[in-house]
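Below, chain A partners chain B and then partners chain C, in two separate complexes.
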Partner chain A sequence: MPISRRQFVSTAAGAGIASVAAPRLTFAQNSGPIRIGLLAAKTGPLASGGIDMELALTMFLKERDNTLAGRKVELIVADTAGVPATARTKAQELIEKNNIHCVIGPLAAFEALAIADYLTEKEVPTLGVAAAEDMTQRHPSPWFVRLTSTSAQCAYPLAEYSAKELKYKKIVTIADDFAYGHEMCAGFQRAFEDNGGKIIQKIFTPLATPDYGSYVAQVKSADAIFLGTAGSNGFRFLRQFIEYGMKDKMAVIGGMTALDESVLRNMGDEALGILTTSWYSAELDNAANKVFAPAFRKQFKYDPGYYAGSTYLSGQVLEAALTTTKGNVEDKKALMTAIRGSNADTVRGLVKFDDLGNVIGNVYIRKVTRSDGRLVNSVIKTYPDVTQFWTYDKTAFLKNPVYSRDYPPAKYLEP
Partner chain B sequence: MQFWIIQGLNSLSLGGLLFLLASGFSLIFGLMRLANLTHGAFFMLGTYFGATAMRANSDLSIWTVAVSAGVAVAAIGGLFERLVLTRLKTNPLGQVLVTLGMSFIISDACLALWGGDSIPVPTPQNLQAPTRLFGFVFPTYRLVLVGCAITAAITLYLLLERTRLGAMIRAGVDDAQMARAVGIPVANLFTIVFCLGAGIAGAGGVLGGPILSAYPGLDADMLPLALIVVILGGIGSLLGAFIGSFIVGFIYTFGTALFPELAYIILFLPMILVLALRPQGLLGRLGA
Partner chain C sequence: MKWIAAVLFAAMLVLLPSVAGDFYVNLASQILIAAIFALSLNLLVGFGGMTSLGHASFLGVAAYISALLTSRYGFAHGPAAIVSIAGTTAMAAVFGVIALRASGLGFLMITLALSQVLWGLAYRMSNVTNGDNGIAGLTRPMPFGISLDSAASFYWFALAVASVSFLMMTTFVSSAFGSSLKGVRDQPRRMAALGFNPWMIRWITFIYAGFWGGVSGLLYVYYNKYIHPTSLSTTSSAEALLGVIAGGSGTLSGPAVGAALVLLLKNYASAYVERWNMLLGLVFLFIVLVMPTGIVPGLSKLLNLRRGSR
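Moving on to the complex of A and B:
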């Protein structure tokens, strides 16, 4: 392929005087493809989600003939292996070697945190998936938006629902012993206790737990247990929980990843009736999802969930922003402004952002039911336009420390 | 009271699971002086085989599947020993490294073949209902698992103590050079023991499946447990592995229940103590 003069000039400008001059040069517009970098863990323990992220984004672009706002799009996928250091190397490669215009991903909070400062320094528009609260609270970046949810954002509505509609008084929480689990359980506890409920026990299990039996046997008698887990650990805990006959004694409810579609497809009738909360469900009844979910299922033989939904959603928000900028990605400030001003109608419903870059969107309470022979998360209640601060005052919220294992303190723990 | 009984039963079932995991490792370590770091991967391979077979045909009994998966994994282990390990027999460190490499290859192959989801191994139909004892409930399958471990232990004991093969293996463990000198085909013995060890791991993987499920990373979760049991119990001692498994089962279960903050180190404390006070392990036959 012969290199046109324009391409040569734009490449030279990109490589040579990158951060100073490039954003202001408008001649580069329409001079080549839009390059999107996807950071996804395609190997290692997080692979299941990472693979879905790539499949959904590829599908999104294919549906649009790899063209967004009239410009060709090139997708460059980098495998982070679920390791922060690798995520950092790959992010650097995407930016310095592939000259990407924006980043989608990565999946895990520790990966996102490992590259956050670098992406800010390089002023790369980033459409984030990871849930770490402070990335859009106490340490926001002008170049970062999150389209999914903070760790606790989806937990608040379920906490209110549990207290007000299900009339639960006492709940036990269990989660993996890392920031995501701590933050989600903390948010759930705060909203549940503010609605009159009591968290009587909080269990955090190490990421590598060979046997959940000893934890199941510790669970105190309560109205329900809240699973703040993600991936295989929650799945293994839940199976043991059921084996011990505990599901007959208390209800099971869960956060946004506990009974994700990727977990459901490996479960049986024992999952029926469990309530979870999320910003997405393959069963959502909106125009965009009615196209996406059946097409995904047809092609890959399973339902899209949190991870597939997240990158498809990113694609939609990006497309809307590109339409606003008329395909201009070289002016990164304008692109970022367009993304942040988003009002895109997506697979999760309408997506807007607050001034810290976090999504304001619907959160759904879902119940596991059987439909066409497979288990699905059918939506039973919609909480519209949930923000990361829920019903709390933003200023006061941000003055508090970030959610953790011990904050806010649990007042009602039973000995 | 209920707490102690339930957690006691939990400890026993975890101990049983650990014995199925660690006995093969101990056997191989004892005879070949080789820390086989592929052991966790063999275990995981067994779990994946079991999950796949029982998903394809839900009528299969878990016992048949365990034996078949054991044989399959034993065959893979045998090939690995013959084709790779024997070529490195003069280089013990190289052998350990290559077993580590092999474990990476197996875990990546599993990821490519089975994807990243957790796949359950179903609990056998007739063992699904929890057992009710004196008013409290306990999963029946876990009790059966203890029985499996004891059966496996007795079978292995008889094999080692009452058969000609066992006598040869014992001779090899005690003094490989002398065994060679009196005409015992130690090289073949190595292959047999490696197959046996891998096979027990594979079968153990299936039997542990209903508790653990097959998922990427299972190998790395299991390998340290095997190491801890063997270090605690003593290298090359079947009884040591047996006792070590149950000790670790008890320490882990009660440790995480009574001192949840110590969950990360609870398994390593007894190991450090044993290493400091009795480096050869509780029942070790080898000098340190």
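Moving on to the complex of A and C:
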């Protein structure tokens, strides 16, 4: 490729500046500890999830005496406050000041999107939690993997289950008015309508809605209502929904964060029988979860859920990859290859990655029941090895625009 | 003495990247951007007596225009910057006409309402603004073919822009027009009786403040390479206003000091203090109780007291 003079000058100038800046960079030594950075929103509206993420990861490392693959581990937690610009500063702090070797988190899609380019540019292995579809679809990064689920990945099985097993014909969706809610409802709608159902109404409420009364009043008569909410919103909506006597008129089903374990502990019998879908449940019967869930419950007096599970899961996959690389984190390429190639047995079951870095793993349909006096999400059906494309063809899927409020268009909305 | 101190301070600013690590240089770049933004808000709050709670509109709109033009419509950075600054300034002119129909609390509420409209648009018009996902994958400009991708080069770029803006805003307030602005702030009726047009003076100031708000918005989007509706939110307007008031509204260096304080508490202290929001509140409480006029006037008063007692 011929280089024009201007390009040459700019490259030379850039290199000059870079070389001035370079000597201060401290290069990590092989003997030092493995430094893991956790980006979690510990203040602001997403705080409860962020704090769970930290608790679970700290617990994971403590169980292993802060040692992974024979090397000491240092965990550095940065509070993103749920603000994109702060997330970026915090990512810089972790990488430029703390010289971390890999990042776990952040939680919110807009935080993850704000730092995605930066993490790719700095070539930092990232185990993401955020669900934004495009991070592993139309804009994947070689340095990014996601262990949890895309926004819609867990919604597809529930959509099929609703149509085929529960024989629902008409469903109303309600979700928070941000990308996560839009994408999840869009995916649910697509799979449900492809199985013969109809979405007759889609309601999106602001993330901070003090009173759901006016929204409950709007809900049209249908077989069920799908909750695509995050944080404590599902719980707050549901409480009013029940107060209005609506739960007797239609069934309630929910996405992966609608009735999270962290929310469920505040509910009573009114939650019994509600179906939700997720890649995890504190009730899962596997070896790893039999260690994790009881230990977490013992220490913090409530069950781990989506948020706590996500970082524990990340820890497990990281440990598996580090075992493969014999604790070498300095070779970032090798570490990333090991992460992507891992086939770890985790709290959610076996996980592996597709070529875009998204997880392929079990998705569980769960029902709220009572066990030992507390409410739990007991698993009633397992959909094995669900991919982010569900049953759709990958190429055709990626040619479509990303899911949004208006895509795919809802054809059966009732006026 | 004063000159030597100023030269030393300037030299310190210029040489910062050769002593500090990338993280600190980036922090300094962010402080510079916040300082330009706070200075422009101070034109309204401190010198014009117009407390605005919607200044983030200018930052956000300039950032969004530049982001959209470069990422979606294939503009080069130069033309995109010109269009975005011109657009923001024009918007300030329109907003000024609306907001300046009221003063005091009414003015504050109108600016708040206007900024909420823009915030809502950024959130909801997702086919244009990409909504809550924000616009990612942006690049930094290459003025004279120099890449700004390293921390140091961006810092020097921001420092140059900040110096120019500080100079321009200082000239603005110390000019004859600046005096008339302060006159309008203190005695609008007397100024009107003297034949000045208070409304016009306020309006021009509003536009000028909008212009520099736009400049800080451009730097903001170059720095972050990402833009999201939160940068248009009331929180970011209020943070800047807090900075202006904490540093000392109506002084030239106060807002810059205040903006630096807010940014350091938010981005640096938060790494060491779990409840950094509380720390932020306590610091402001302290400032209000001990130095109600702000840090810079408060400190200079303290210095004068010590000199006087000697």
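The rule is short, and it goes like this: the second predicted complex is superposed on the first by the 385 of 415 C-alpha atoms of A that agree within 3 Å, B and C clash if a C-alpha of one lies under 4 Å from a C-alpha of the other, contacts with A are read in each partner's own complex, and residues count from 1 in each chain.
We take it that a contact is a pair of C-beta atoms (placed from the backbone, for glycine too) under 8 Å apart; a residue touches a chain by one contact, two chains touch by 3 or more.
Worth saying up front: this structure is predicted, and the values here are computed from it rather than measured.
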item: First, second, both or neither for A:G213, with chain B first and chain C second; value: first
item: Of chain B and chain C, the chain that contacts the larger number of chain A residues; value: C
item: Touched partner set for A:I360, first chain B, second chain C, both or neither; value: neither
item: Partner chain in contact with A:A288 - chain B first, chain C second, else both or neither; value: neither
item: Which of chain B and chain C A:E93 touches, first, second, both or neither; value: second
item: Partner chain in contact with A:F235 - chain B first, chain C second, else both or neither; value: first
item: First, second, both or neither for A:T43, with chain B first and chain C second; value: both
item: Footprint overlap on chain A, comparing chain B with chain C; value: 43, 177
item: Chain A - residues contacting chain C, complex; value: 6-7, 9-11, 13-14, 17-18, 20-21, 24-25, 42-43, 78-79, 81, 83-86, 88-90, 92-93, 96-97, 109-110, 113-118, 132, 134, 139, 177-179, 182, 404-406
item: Residues of chain A touching chain B in the complex; value: 43-51, 177, 203-206, 208-211, 213-215, 217-218, 231-232, 235-236, 239-240, 243-245, 262-263, 265-267
item: List of chain B residues in touch with chain A within their complex; value: 3, 6-7, 10-11, 13-14, 17, 108, 111, 115-120, 123, 128, 130, 137-139, 141-142, 210-213, 215-217, 220-222, 225, 252-254, 256-257, 260, 263-264
item: Of all residues in chain C, those that touch chain A in their complex; value: 17-18, 21-24, 26-27, 30, 123, 126-127, 131-134, 136-137, 142, 145-147, 149-153, 224-226, 228, 230-231, 266-267, 270-271, 274, 276-277
